[in-house]
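Reading through the structure tokens given below for one structure.
Just so it is clear, A, B, C and D label the chains in written order, and each chain counts residues from 1 on its own.
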Amino acid sequence: MERSHLYKNLGIQLDMAVEAHDVLQQERQSNIAGVEMYKNKVGHSDITTVKITSPEGEEAMGKPMGNYVTIDAPHMKVNNRDIHQELSGLLAQELSKLLHLGPDDSVLVVGLGNWHATPDALGPKVVNHTMVTRHLHKFAPEELQGGLRSVSAIAPGVLGLTGIETAEIIKGVVEKINPTVIIAIDALATRSVERMATSLQIADTGITPGSGVGNRRVGINKETMGVPVIAIGVPTVVHAGVIAHEAIEMLLQQFHTSPSLYRLYKGLNPDSMQQIIEDVLEPFGRDLIMTPKEIDILIENTSRIIATGLAQALHPSISSSSEGLQYLQ
Amino acid sequence: MERSHLYKNLGIQLDMAVEAHDVLQQERQSNIAGVEMYKNKVGHSDITTVKITSPEGEEAMGKPMGNYVTIDAPHMKVNNRDIHQELSGLLAQELSKLLHLGPDDSVLVVGLGNWHATPDALGPKVVNHTMVTRHLHKFAPEELQGGLRSVSAIAPGVLGLTGIETAEIIKGVVEKINPTVIIAIDALATRSVERMATSLQIADTGITPGSGVGNRRVGINKETMGVPVIAIGVPTVVHAGVIAHEAIEMLLQQFHTSPSLYRLYKGLNPDSMQQIIEDVLEPFGRDLIMTPKEIDILIENTSRIIATGLAQALHPSISSSSEGLQYLQ
Amino acid sequence: MERSHLYKNLGIQLDMAVEAHDVLQQERQSNIAGVEMYKNKVGHSDITTVKITSPEGEEAMGKPMGNYVTIDAPHMKVNNRDIHQELSGLLAQELSKLLHLGPDDSVLVVGLGNWHATPDALGPKVVNHTMVTRHLHKFAPEELQGGLRSVSAIAPGVLGLTGIETAEIIKGVVEKINPTVIIAIDALATRSVERMATSLQIADTGITPGSGVGNRRVGINKETMGVPVIAIGVPTVVHAGVIAHEAIEMLLQQFHTSPSLYRLYKGLNPDSMQQIIEDVLEPFGRDLIMTPKEIDILIENTSRIIATGLAQALHPSISSSSEGLQYLQ
Amino acid sequence: MERSHLYKNLGIQLDMAVEAHDVLQQERQSNIAGVEMYKNKVGHSDITTVKITSPEGEEAMGKPMGNYVTIDAPHMKVNNRDIHQELSGLLAQELSKLLHLGPDDSVLVVGLGNWHATPDALGPKVVNHTMVTRHLHKFAPEELQGGLRSVSAIAPGVLGLTGIETAEIIKGVVEKINPTVIIAIDALATRSVERMATSLQIADTGITPGSGVGNRRVGINKETMGVPVIAIGVPTVVHAGVIAHEAIEMLLQQFHTSPSLYRLYKGLNPDSMQQIIEDVLEPFGRDLIMTPKEIDILIENTSRIIATGLAQALHPSISSSSEGLQYLQ
């Protein structure tokens, strides 16, 4: 069975467009119609842009048309402030390309996720560190007038804690304060162990239903919110099923030389692989996640990197992150 | 200068109706027209009900017409589960008298306050422990159908962290989910050191602007929300100005025998007392609070007492708090 | 390659004696000399006692001679106070069998682990909830004299945060306060997804080097501490390598019918399996853990269950956990 | 009654030498024999050094002979990273003057206080952010050999949580690891509202019994520990009694013109003032503290400032705090 279908059956969402693209290309051994990919390197980071340009690409990728920018920065894990600053600057730069903000545009930052489940707490932590100005805006001292944009921020919580669809809460707030754009922060699942806490995805398509560590139930995007939604995500977990599957795949490669096994493998009931993996993961199923032991600290650092990047991208007057931090908690 | 005016000038809100009433009565040496007060004792607790019954009483008390029930329970501080359970039961009982819920009515619990400022974090902590059911409601197993009411809960944060009026966020959510009633939890300021973390106020008038540890800016009540709002408050701080003033008052009593001083005192420029106290509290002013050293643990316990009381009051099927806790986090 | 050796090479410790025993028995298809096992059922819980009775058994099991009691309680995850109380009572009962405390014996509770890494924070959290009495002991009111035992508690942190061997810190304290016995609490790794946060192991052999989520470096036992050490552990993680291996094993079982594959498998270079799994887990290796998404709350509840059980086992006068909780934070 | 005696009777400790000196000088209207004071200004900060040079000064000040350096930095409260860095550098510089470390000397950082009581949690939070190297020391890469000093850190907790004298725990660890010097971090009480979270005291006399927010019971100094102890403190609370007393004093000044009152005041039973204040503060007494509402965030920032300053002072190779932070959590 193709990996893409297997993942689907196992409820493993490929949150990162670059990963969905890799899986597809590997299966098809060809480019995917309606999908373009560009790579370049900045400092220590690799930037990969995936563009989904047609309904055909949308269908194949299982993601809406739009731009998905991935910043892979293995050094994000190093606890060095200069490196974190470099990454904040890079995020600000890529974010600005998708934001196209006018001088008077206002922004609502939404921190998705559950602050009581560490690997899902990225969004609320970014909100903690976000420099909000909407309430100060009209009273800001002269010298800041030019620079300070109106920014507000909420952490709506998760359905299990509020009893309310997260999208309902956000929409209710949006209708009250009418932001020009929403920036939604969410923790993602990845299929690559290397990417955990070392990668950032910025997408101008908002949040897709079923995505994120919390498997958000309802989409948070232009259709549901009425304003553009930029999503910023960081992979913090790998679905346990991915590890199980990787192990099996690697074993089978060992046997490639053997035609007899190859036949056996091909003869294997397509559902067996899925059955095996589900058996291994019982009773937690999709709620069983793989994460680094020190995830608590990785989330804390990553949330500061993002908040500083936001401050730079949203407030033109804030040139260096040092200024930016002036307002961060 | 009368205490009531001094407090007003110093920005010291008397959040507890029973205290506002005491101050007035002491000043006027008489009953206050349009205000009634009843006392009774249940177990180890004193229950005082203040009823504001006319615009005249409203004017005098600086609080809207309605019912204010105070449960004074000095033993609330004792870390004993049986005592906490007794208090949860008492809260449930008094709350039910003001709620008048029909079988199909739904409730939105709102935890006001700042989870990053311990003495103001009572509301958000109650929300953490609240048993939400709105999302489960339609799917609840047979045996619960009769008992489980639709309950949702949010902790909207504070203006300084979100950039959005708390009332705006709540109203936005209310318009989406249309609860029958709102129960708002807030940390209060008291003028009585004894009451800190040992007292509960339940009011059917909602949240008054300027009240609470966070000096909520906009009222959260039937006028602003469109549905009835029951407020549950626990005093967690004493305004530092109250202590300063108490000390001065006590000193002056020492001198009561002296006519010469009494003249001096009466001759004292009414603003001097206010000036003295403001000087003492500089530079923090009204943000300088008095609180017990172990406030962190007192808040944790009190939030569990309230959450358990809510579970009993809102879910008829939950007879004992033991069942109630089944759903609490 | 035998599973026991594979785990060893992968640095996967079998913290639970009952699991080490199962693996061995499966490999040898026979009883293990010097190891006895007894099972019985109490309420909803299964209690399994593994006794290692000879150096031969020690050698085979890779664990010191002594008693290992496992309480498997799948319902531990249910958030119901009555169930938690039943489990606290069961823990108290099994613990007492291994403690043999005299009326004047004193106890030091040690919470091992890193409070900044949720799945490793069980020990410090139990210490938070532990009722300490050593400092009150001589001043306790009459009516408690008979019941209150001298109990102290420390959370020494981990090498990475202190720069000091945990065992050194504990030994230093032990030499100052001379407890009769140490009870060490630690988070464990399991090979069984079902056991996470639903199982308790009590051992009178103390902490073995390399065990626990934190892979404790130095043993904490009678040899190193000079006093008996009882270890209480709860599995909170599964090593990712276990999942990878389980998946492979299950796949191979699919092929059991095929002699040709069986030959291939047998012919497989013993190190390949290990290599496969290490490749899958790079770059995190043994620091990559599998844990339920809601581990934060599971740890909070489990730590309260243990603290309440300790209060009952250590303080004869505390019959019901309700009294016990009177002293818990 | 003299303020110094009143404070003593009320159990109000003057933790800051500079404040004890001011009170004395005000009372005596003269210099204090055996006590010297020097002031200078660096950047935005005022540095005051108090030297107690004789037993006579010791007696008068109620503090042991030695050096007490106070850095008053009102801008510490501004949330700006550059300002925090300047303060870290200043702390490092003043600390080095008292430390006199040789190249191979090792340091134990001790974070005093209760991590469950926010205003007392400064010490443990500094430990969280401290760069420990003792365990890495022998394995450090070549290029760091010259720079990395052996540093360890513990947060021993408080008597109420451990049942063990804090000094006993520290002494036990000291005897195991034999540091050259101890640096103890503690939250202090001040009599000046302005100083809260804006002042640092460095003393080469260690911790005096009864000092700190937690009223440490046993001294932590060269006598009890056997090695020199440098204390770093930040005032985080004002004893409520101080506010009460300040208010009274200010009122009395209003009346200075009146001889009749002055007589009355002088005739006032010396104990009355104390009685008044104790009455005002009942039932919490000395556990009633005054603190800014946002103390949680002030403590977080201050702990990072101190940890960065320590990294610079202890590790010669760490020139800028940016490098320093590389190792901080």
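Convention: a contact is a pair of C-beta atoms (placed from the backbone, for glycine too) under 8 Å apart; a residue touches a chain by one contact, two chains touch by 3 or more.
Keep in mind it's a predicted model, so treat the numbers as computed, not measured.
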> Touching chain A and chain D alike: which chains?
Replying inline: B, C
> Most remote chain relative to chain D, going by C-alpha centroids?
Replying inline: A
> Between chain A and chain B, what's the gap in Å when you average each chain's C-alpha atoms?
Replying inline: 40
> If you average the CA atoms of chain B and of chain C, how far apart do the two points sit, in angstrom?
Replying inline: 44
> What whole-Å value do you get for the distance between chain B and chain D if each is reduced to the mean of its CA atoms?
Replying inline: 36
>> Show the residues in chain D shared as contacts by 2 or more other chains, in ascending order.
In response: 116, 297, 329
> Once bound in the complex, which stretches of chain D touch chain C?
Replying inline: 116, 127-128, 132-136, 150-157, 159-165, 168-169, 171-177, 329
>> Going by the contact rule set out above, which residues of chain B touch chain D in the complex?
In response: 116-120, 193-194, 196, 213, 240, 243-248, 250-251, 254-255, 258, 260-261, 264, 268, 272-273, 276-277, 279-284, 287-297
